[in-house]
């Protein structure tokens, strides 16, 4: 059972683990039925895989036909998904499938708004580990559906040296060395820094990626200049749509 | 393992199931440490139970001291939680615990804003089953922390007859009868209706609660008048803070 | 995996988790076979769902044909179920499926005897939480198959204030208030009482259901008279078929 | 998590997986408490291990003191177990722990009645695989608590050749050969037979144990005589306390 | 989910629980494909069941055709298995399926070399509990595929009294008595001994099997002579192919 | 429950899930005991974490004292671990803990032999995904204990473009582009190649790491020369201790 099946299992369990007393009372005998999921507002569709699996885990005999694909821009009123099968199964799956679709399409849609603003600039929108517990894989898929990119998925598929690590190791250099002694040669090393001095230290230590954390636009501009292509640069913190538009207008990005 | 431990397990697994390569490289030998979680904005605190259990499931020897309780109003800069223990354990738990606290305090804070508007009126704010998959129990706790009330938790602890059920049964009356033949006598019967005729039908069938779904304020006012205390009334759909304030000003609630 | 699949999984695991050494020795090569499950005494059939799922979880290619339905009265010698498929799968499923059918049909049959005695009287037979650990959902289905009704399924889908709760809260009234402050408005409030004074207290507190616990027939008659329709009444404890018949003969029910 | 923890987990999950709404409403703040479990009738105590673990899985800080041990004969009114700890934990564990104790003590008590009848005779009472799904390990412990012995626990820790196996293999001899080619040399071979011819066949095939299935007392007596110590003998089917007493009086056992 | 499905689940989870970033990048749209698994050296094929289930658990729509059976001797270059289906599913399953096949065929092949040496002698090759954690059932199947026999699978399907048990019980006799008081009559009793005195003790206690542990060839020969058919004999420790060949040449076995 | 706890759970379950009939018969009453694990040959110690957790998962009250650390070189006869606690718990944990220690120390010891040969050369020994199903994390720890380095842990924490991927994408360049469009910027790109032309293609596509698969020593030398530091180089296949020593003597590495 992969991670997505685990969260679907949990979601079904909390919603109908002991049954659906209303529907079971009314549907004493099995009965076929069908349903359509319709968009209530314009959005970027995401969560189709989770929704499909939700119906199929409840009842493998339910048939689904998606009329749009993951990442498609859909309009208010568009039919997204047609389902057919045992009515009790449909009623049991419906709310959970919708909860996935609504939440994940919301993420894809917001991501898409940021990506649209950044279009034509050499900047990528990337996500974080600040995801809803248990839904990371799905939320990261939704970010991609919206045109964004993923940062690391977890603490084991990417190296990010933060202030705590630097404090423990003694210096950026010491932290980078410790990591190099142990890490796979397939990974790049990223350091999170917040002052210009740390930029120099990080470059001297030979890191691959530098994250500028909670700096002002002006400080970031200075840091990017100093780094001058010697490492990839990430900016983190206080990034809103408004601020992004201003920065672009000012030529800061 | 209860539902909350299941979602914490899943969250830890997706974040550090194969380890934390950065921290493990730097912390080759066990080392004690401590940390403080501080509020970055005013909010109603929620998720304290999930956060506590996250730290303890990673390492039962970590000690936690909460400086505020679930449901407390905290201010930007307030220290919320102090943790102490093995540094590797703290670093492994931190992000997951914060993800619970941030998301759930957000829900409690927004709930509280609605509840504040409704104060002094004989109306209760109640939640729905439109929750994040896997987090229902926690999100419903957060609603209570914010001063709201819970509707049913799942399809098995409350009866709610919806349009689909009515269509299958043939009529509101038939649906109510079917449910009464099967249900526990400890439960009330709720019907979701959208026209005035259905209000009459529902009252005639002897339901305990009537949910007015997606009606206009005027229609709702008329329905409440017709019901006249013979059943509890719920209003669902299109409820925003702005609309709530307007309705109250107009004396509609 | 819902609760029923969990108990089936556990049952299969304890019976054949490491294989079936006898059958595997004799059936070195796959072989098709069939079998019939026959009633060894008159009974009310229950557990058909669990039995069906047991065979299908062992091997989705086994075909089943039930000749009777859940809740049917069957006679000694009746063929209940025909199964066909891989012989090893049938031998692995057989005992577990039978264990479900035998136990659950036993419950349905006994329930039906009580229900038969009560026929024509305005009394419903309801069950309790005193069920076999892990089989609650199935045993409650068997009670319904036998014509009985279900009390709450768990501690979260019904409110029942017992002596312990009253002691903690200080009084019936205080307990009822505490519950009302927190509970969903879809639930009724039940109080378990054992004296006539408590009946008055409960009525004053506005409870919906009163359970008379371990009272004598005479006391119960007095209590019912006092309650006089202001709350639903449940009688609990010392209810045997013999006592029930006597009480009905005496006109006590 | 061993099998017993799995069934306890399932039992707790079905009873309080989403909480205990009554107790949680009344016990808003943690509170210490204590309780005593008292025997309501004379019985052989069983299920103490499952009961202990139930309390401890809900809350490791609950303290338990058993006043009797597994297998002890206890009298109506005896205090069996004292528990102390967080009141909410006690209320959550109580019903599940009692369900284990009541069911398993019932099995031990009935077993003990049979064993008492057999006392002084060279006959052992042994159990079967006809156990409640998910509780096999516990029910087999209860049989031992009552003085009985266990037959095999599952399909993988004992060899029992039944009619189906004989039919597939072609003859008792062929079945025994197939098993000997594959089985561990640590196991004995048992065959279930129902005619005197089969007794001869089984002895010729060199089996270790012969089960006489559903034979009359007279037939069994003849079979035992024929076997004459060359194999262990089991009798299965239609064994009631009454029949056992009669058989002993007649000198058939 | 049986034990084999549990280890496959774990293996898939550790290999692709969060996806396959390389293949998913390249295979944006579903695509059918096929593959062949070819033997890279002569061996006894084992692990076919685990390999089949691995592909099917990843994707039930993958079709497999095994060209050889469990236990067959295959030659370098032989095609063993053809798979066909969704390419992403094949790439996800491939490494895990191969890891099972390679490891288990290795065990079967080595077992077969020992068995070949023993051919024509009245000695059976049996395995131990010194198996890879989590793979016991599969490794024991591989031993049988190679022509070996299984000793007990676990601590609950066979009795083996070791030095620790003898020390606790006080003597071999006391240990055997304790076991007889509790054990199923379907099991034989085995004792592990290391001196000639213990052989006599064991025989006197009536054990069924005697394991000679870490004795020299000469001591073993003497012990076998003393036992003289009164119990089955096992030899354990320091058994290599070379030593086995020597012993046979010398007529010790 | 992290991955290591899952494999330990599975290992305990297959070994003593239904109990330990021998020890439980002899140890009817709880009894304290102690034990020592001693090295039977010189080796590099590994698996200490898994062994520790095995004892503690069986019984948290067992105390352990390791006399050596993970990665230490120990000699035949050295005491490695002392355990103390309930005797039944020790007997239940012993075999599983030893199975971890023996297998993992074997891996560390062999790794160490390779690493010793490579000492003083600018070559690192790295592992693969050809690990025992379910034990990957532990086996990778053992490789590090022996002085080796880890390649990627799974399909999601490293990018490795193989022949299948190249075939699907159409060319190395197309595969690299597809991966760059989707991958995290924290990862390097590795391509597995087997001809000199592919070396050029890979360099042109800008990959970070090139794996030379199953090439002869001469071909590898030529490839390394051609790559000339523009990418990291890995050699895979046919690497034995003997071949390694020869290559070093010849100056090929």
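By written order: A, B, C, D, E and F. Residues from 1 in each chain.
The criterion applied here is as follows: contacts are C-beta pairs under 8 Å (C-beta built on N, C-alpha and C of every residue); 3 or more make two chains touch, one makes a residue touch a chain.
Predicted, not measured: the structure shown is a model, and the values here were computed from it.
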- prompt: Quick one: which chains contact chain B and chain D both?
  reply: A, C, E, F
- line: Higher number of C-beta pairs in contact (A-F or B-E) found for A-F
- prompt: Which pair in B-D, E-F or C-D has the same interface as D-F, with over half of the contact pairs matching by residue number?
  reply: B-D
Field: Length of the line joining the C-alpha centres of chain B and chain F, rounded to whole Å
entry: 45
Task: Report, in whole Å, the distance between the mean C-alpha point of chain B and the mean C-alpha point of chain C.
output: 31
Query: chain A: which residues touch two or more other chains?
result: 3, 13-14, 16-19, 137, 153-154, 156-157, 159-160, 182, 187
Message: Using the touch definition from the top, list the residues of chain E that touch chain C in their complex.
response: 1-3, 137, 153-154, 157
Query: In their shared complex, at which residues does chain A touch chain D?
result: 14, 17-18
Message: Looking at the complex, which residues from chain E come into contact with chain A?
response: 9, 12-13, 16-19
Message: With touch defined as at the start, can you tell me which chain F residues reach chain E in the complex?
response: 3, 6-8, 10-11, 13-28, 31, 33, 50, 87, 91-92, 95-96, 98-100, 102-103, 129-137, 153-156, 159-162, 164-165, 168-169, 175, 178-179, 181-184, 187
Message: Applying the document's contact rule, which stretches of chain D touch chain E when the two form their complex?
response: 124, 126, 144, 149-153, 156-160, 182, 184-188, 190, 208-209, 232
